[in-house]
Each structure stands twice: as C-alpha cells, then as structure tokens.
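We just call them A, B, C, D, E and F in the order they show up, numbering each chain from 1.
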Amino acid sequence: MDQPVKFVKESVAELSELMMPTHVNNLGSVFGGAILQLMDKAAYVSAARHAGVPCVTASFDRVDFVSPIRVGELVTLRATVNFAGKSSMEVGVVVTAEDFLNGKKREAFRGRCTMVALGPNGRPAPVPRVQPETDLEKSLYAEAENRYRQRH
Amino acid sequence: MDQPVKFVKESVAELSELMMPTHVNNLGSVFGGAILQLMDKAAYVSAARHAGVPCVTASFDRVDFVSPIRVGELVTLRATVNFAGKSSMEVGVVVTAEDFLNGKKREAFRGRCTMVALGPNGRPAPVPRVQPETDLEKSLYAEAENRYRQRH
Amino acid sequence: MDQPVKFVKESVAELSELMMPTHVNNLGSVFGGAILQLMDKAAYVSAARHAGVPCVTASFDRVDFVSPIRVGELVTLRATVNFAGKSSMEVGVVVTAEDFLNGKKREAFRGRCTMVALGPNGRPAPVPRVQPETDLEKSLYAEAENRYRQRH
Amino acid sequence: MDQPVKFVKESVAELSELMMPTHVNNLGSVFGGAILQLMDKAAYVSAARHAGVPCVTASFDRVDFVSPIRVGELVTLRATVNFAGKSSMEVGVVVTAEDFLNGKKREAFRGRCTMVALGPNGRPAPVPRVQPETDLEKSLYAEAENRYRQRH
Amino acid sequence: MDQPVKFVKESVAELSELMMPTHVNNLGSVFGGAILQLMDKAAYVSAARHAGVPCVTASFDRVDFVSPIRVGELVTLRATVNFAGKSSMEVGVVVTAEDFLNGKKREAFRGRCTMVALGPNGRPAPVPRVQPETDLEKSLYAEAENRYRQRH
Amino acid sequence: MDQPVKFVKESVAELSELMMPTHVNNLGSVFGGAILQLMDKAAYVSAARHAGVPCVTASFDRVDFVSPIRVGELVTLRATVNFAGKSSMEVGVVVTAEDFLNGKKREAFRGRCTMVALGPNGRPAPVPRVQPETDLEKSLYAEAENRYRQRH
C-alpha cells in the first residue's frame, strides 16, 4: 500500500509583514528574534499544508542572517516542504526584504527546520512523501534526504 | 506634458499573517480592529508602490465585515490602487481567510480607502495615473472615478 | 407591542489612551491602524450599552483622518449610537487628540460604523429604538436613518 | 511672590480601556501588572496637567487590589493631584471596572503615587499649589499633606 | 500542631529581561509601568514558591523609583517572601539595571507587596511561616511583621 | 602581541520570563517562535558580555525543541560563549522550564548560534579568546572549535 505523494508547490506558504518600530532592537535595525518568530510561523503553515494535520517544530536546523532589515521594509517569508520522512518534514524558509518605494528586493535570512506532524492522539502521524519537480527542488530534496539519512 | 501611467498590477501588495490568540476578542473570534490595522498597512504598501513616495491615509471609505475569522487561520490581504486623482489614490483591499489544513479559503473583509502621496516637504505630491487592463480593473476604476468626481 | 426606546446619551462610550512609542508608524506619527482598532472597540462598547447584549461589527461605513496624532498625546474616543434599525445600529465615533501639557485639543479622526446585536443563538437580535434629544442628535439620526433606508 | 494655585478638578485625568484576552494572567482574570501600568499612565497625565511640564514617577505609595477584573469589562482610571509640595505631587488613582452589558460598576483598584515635575534641564521644577474645594478633596489633601510632612 | 516553615532562600524568584524599544515612554527612558508589571510577576513567582499554590496580589505597599533605566540595559528582578501571616505574604522586590557592555549594575526600583495564597475553592489558604536566617533577612522580617501587626 | 582571554563564566547571561497567555500558539502550548526570540536576546547579552561591544547574530546553527512549555511556567535561558574565533563567537543557550508550584524543572530547548562583534565603524571587531575551565566547558569548546575550523 503506497504512501500518498505531494508536490513541493502544494506546500508553499507565504507570510508578509510590514516592519514597524516595534520590531526594532536597540541598534536601530529589525531584531533578529522577530524574524525567527515569523520563520517558525511560515514553516508551521507550510508543514501543515503538506501534512494536512497540525504540526510542531522539532528543531531549527540552521538559520543564516544574510542582510539586516530596516523599519518600513516589507518582509516576505516563503516556506516549502523540501523533504519528508515518515512523520517529519524538512521545511526551507527564505526571507526577502523589500524597499517597496523603489521595488528593490534582497535576501535577508535563509533557514531550514524540521517539523513533525501530530495525529489526534498527540503522537507523530505519517505524512505524504515529497515529489520534487524542478532542478532546484530536486537538489534541495537530495540535500535534505542526505541529512535525514545521517540522523536515522 | 503627460502625467506618467502605471498598471494596476504594479501596485499589488500582499500581506499574510497567521492569526494567533493575541488577535482574539472576548467573543472568541479574531478582533475586527486587528484586521482594520492590517488593512491600513496593506493599503499603505500598495499606495507607496504606485506613488513611489511615502503616503498617508486620508479616509477609510467603506469596510465590510463579510465572515468571522478564527485563530489558526491564515489571513491574506491583497491591496491594489484602483484609481488615482492628482495626489490621492483609491486603494481596494480584499481580505481572505484560509483554513490551511484543508485549503479552504473565503472572503472575510472587503474595503477601500483613500491614500495621499507626500512630497519631501510633507505636502501632497502628484502621483501617476492608473491604467486598468482587465474587465474587473476597468469596472473598479469606473466606480472609483465616479466617487472621486462626486467629491471634487 | 412597542419596541423599547433608549436615549443617545445612554449609549455614550468613552475610551482614552496615552499614545506610546509602540503606536508609531515609520513616519514618526501615530499609525492610523492603531486608531482604527480603538474606534472598533469604542463602537463595540457603545453598541453593547444600547443593545444590552454582545454585538459584532458589520461594516466601517466611513472614517476620515482629520489630523495626525503624536506620541505623548492623550487620545479620547467618544462613541454614540445615533440610529438603530431592527437589529443594527449606526455608531458614530469622534476621536480627539490632546496635548495635555497645554490642554489644547483637536479633532483627529471621525467615523461611523454599523454594529449588529447578537442573541444567545448567535443570530441578529432586536435592539431598542433610538430617541434623539438635542439638535445635533436629531440631525445625526436623520442622516443615519436616510442611509439605512437606502440600504433596505 | 506667590506660587500659582490650581484646583483639583483641573488635574482630572481619565483613561478607559476595554479589557482584552491579552490582559489576562494564567488564572483567567486580568493581570494586576497590566492595571499597574495603566495607573502609572493615568497618574502621569494628571501630574502633567497640574504641572504643565513633563513629570516622572518617584514612588508608588500604595495600591490596593479591591476586586478582580474580567476580560470584556471596561476599565476606567480616574487620577487627580490631591496635594503638591514644592516640585512633587501626590496623585490618587481610582480604577473602576464596568460590565457595560448591564451597566454595573465597582471599584477594582485604588492607589496613590508621587510624581515629580521636571524642568528643561531635567531637574525638579516648582509646581502650582493645590486648592481643594469639596469635602472629599479637602480630606484627601489633609491626609496627603500629613504624609508629605512626615517625609520632609 | 505546627505550621510548616520555609527559609527565605526557598522563595527567591529572579526574572531578567532585556529592555527593548517597546518598553520606552515618550521621554526616552523605560516606562515605569513596564517595570511595575514585571515586579508583579516576580512577586507572584516568589509567593507561589513559598505557598506552593497559586497566589493573587492584595496590595502594592510601596515602590520607589530609584534610577531611570535605558533601552539596551538588562533588568533583573529579585523577589523574596520576607514575612508570612496566616495566608498573606509580604514580598520584597529589588530591581537592578545593568549595562552589560561594561558590567556596571545599579539599583533601579525597590518595592514590596502583599500576596495572598488561594486554595482550590478560591478562598485564602494557609501558608508556611518564614524562617529568616541572615541579618538582612531578620531585619526585613521584623519590619514586615511590624507592618502586619499594625494592620491586624 | 597576545589577544586578551576571558573565562566562560564571565559571559554567562540569564534571562527569565513568566509565560503568559500572550505567548501561546493555537495548539495551547507556548509558541516556539516566542522562545527563539528570547534565545536571540540571551545570546546577544552573552556575546556582548564577552566582547564588551555590541554584537549581531550571524546564524542560528541549531535549536532543538526538547519539551513543550505551558502557560504559567517560568522559563530561564542560560547563554554562554563557548568558543571565539577572531571576531565571531559560538554561543550556547539552554532553556529550562519550571513549574514553580512544585519546583520541578526540565530542559525545554537547547541551541547554539554565532554572534559577531561590531566595532564603532560597524565592521567586525576582534574579541577575546575563550578560556574553558570545567570539563563541560572544555568539551563544548572542542566541539565548537571543530565546527569553526570546518567553516574557515
């Protein structure tokens, strides 16, 4: 009996927020912790889209702070499930900052985390396999599968 | 000397947020005021995309509360500049709520507001004209222009 | 059998907040969305005073941004039910900003919205009629009734 | 050369907020710290009205928690300067909670604090004397003056 | 039948927070109300450690604002139960601000409040007696007991 | 010319917060993003203690979600600089949750991140070397140095 399959594009989750003065640290740029919090939310939505059930974060595997973000910029987080094990998923999140007065965008954060699907009893639940389509998706899948094999 | 022109699609602004327990009123659904705040932000981004300079809200012309939103839903706001006068813009905002566990979406709020572009001296600044393309854009343009003519 | 009647003064609701740095947008004045959120709360209290039961917002019919507000000012919102239909109420909200170091006040926002009373089953519930007393109340009543008749 | 005089009624400051789920502690009623924060704001506005210059809190002299507050209630804080020394003022704050669905009000907190007026150099600045008028004002003045004399 | 006894050191509760721009008032230093809120939390944890059951605040008996706090400083609150009556406890809270770039610390606030233990029925519940050990603890105990005797 | 040296114990930074209903996600336990935000703050304080100058986060290298946290628990984050390169530091953060009514503690999160010291010109600044003392410190140092060597 086969496990169901989903495409990467089916788990795309986008969050976008306007950065306000409440997001700022005492050095004047957007506080990294505020973005980590948004990354956790975006990953949660993406994982839940893939699994079709509520999920919890198991680990943040790596987050790189690429470029500082300023107040007044538009931040967009794009999360996708790049690989799925039995009940866990590796979710990649790319964070883009945009100065929308001139339309210039740049990558600000990049990270990946592992989410686990929960069944009605609060125990890990099986999730669909991931079917990568594009070259980028296949490459991210291979890297994630490699990390998964090393841990299991 | 011609005023510059921009297409409606150039001013599209999308904000997306996951509704958390902090967004809830004491009746258990998402507090309308929280969504109005997000609508103001989305309209601001759309107007600034069109005008290319900072903008301020002049009025919220009408907002309909179509369907209550629950905690855990993904709210997406899509704002576009539907018509532009000399320095003012009518911005339409459609708010969609999605239960992303099953992918079902529905319209939750719908509204329009008037934003004004500000020049470096803090005075109203001229903005590009709007060039509608699709039938929907043309219809929204005509309605907005009609409202604009009645007020001027 | 007559519908009960209430005076406008019975539904007066006042909210007052000191504007803090958390209320500010990235242009340095108070974020309009923060005031819209307060207007929704003031309208809710006024409608609930009139109806005697919980209410929900059906629409924001119009909000004018009259004058920008600065951090450190005292904002006072005064809401009244100006007209009532069968289960809906038009609530007017006037927002005043005060520099309390010199006592100078000015109108900052002005708006009106439609609230609907909810019965125990979550369905629209009948509300008392409004009895205007002063000339201003009578004028606001007439305007609101006119808008109500056009929609029904 | 006489020090100027102000009536108690000139320093009345009222703040009113609707209690939301974000104000709640983990026992289900409104978190006392949230009310203390509002009391500090109300006392600040009252002291600044009396002094006509910015003020800072020197001490919270006593706050009694009289009755727990529930989410959905309207909280109103009324602060007055009851006595003034050379540059310090005793500010009394009474906090009322109202279930506005039935109009029932009760005292929820009662407290007093000492505020100090600041001159342009950041040093304590002289403030007007307080002129009590009603019996209650005279009684609060006498008690506050007594406490002031004991400390100086 | 003896009432149980606990040492002061058993009720030590420490909270520490980094002061962010959201904690600031409109004069540029940390808003006193934000610290009062933290003091209430620290006192709650200390009282609950002593009593072993949930507690509520009965009164803030005195809080002195010793030194202003700046954004970017680390604030540490240390609360201890200094004396216990039948079901009430006097909790002392000392607030220290630290510029952690140079390690310099100073006292910023100092206060005491009265907390009451609650039994499963929501009524005041008996609490252990306090056994002071050090000279400071004995002195704080004596002062607190004196205040307790004057009120009962 | 020797680089200065600091002990691990000199960079210990502890933050402690009481978990409130505002920290909760829509599954009823504390939102992981809220803890990530606190971890970023604790790491910042620890790195700044070690470097003596402001720092920025370069990456979150790994965070494991060990055990869910409930509202009403006391969360304590303990951060230390475990290894330092030329201008970067690996900071370890252990998050403990405590039910302080019974004193039971457990590890809830564990992670490490890389912080970079900033000089007055906003460029990376040299930091003291780390001198581990205990066996645990030596082991964490060796692991961190190993990761550092692999990246450089």
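By definition in this document, contacts are C-beta pairs under 8 Å (C-beta built on N, C-alpha and C of every residue); 3 or more make two chains touch, one makes a residue touch a chain.
It should be emphasised that the depicted structure is a prediction, and the values quoted were computed from it without experimental measurement.
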| item | value |
| --- | --- |
| Contact-richer chain pair (by C-beta pairs counted) among E-F and A-F | A-F |
| Chain pair equivalent in interface to A-E, over half of contacts matched, among A-B, C-E or E-F | C-E |
| Distance between the centres, which are taken as Cα means, of subunit E and subunit D, whole angstrom | 22 |
| Whole-Å gap separating subunit C and subunit D, where each centre is the average of the chain's CA atoms | 27 |
| Distance from the mean Cα position of subunit C to that of subunit A, given in whole angstrom | 41 |
| Contacts with two or more other chains, residues of subunit E listed in rising order | 21-22, 31, 41, 54 |
| Subunit E residues touching subunit C - in the complex, by the definition given at the top | 21-22, 24-26, 31 |
| Touching residues on subunit A, where the partner in the complex is subunit F | 27, 31-34, 36-41, 54, 56-65, 68, 111 |
| Of all residues in subunit D, those that touch subunit B in their complex | 19-22, 71-72 |
| Contact footprint of subunit A on subunit B as seen in their complex | 13-18, 41, 44-45, 48-49, 52-54, 74, 100-103 |
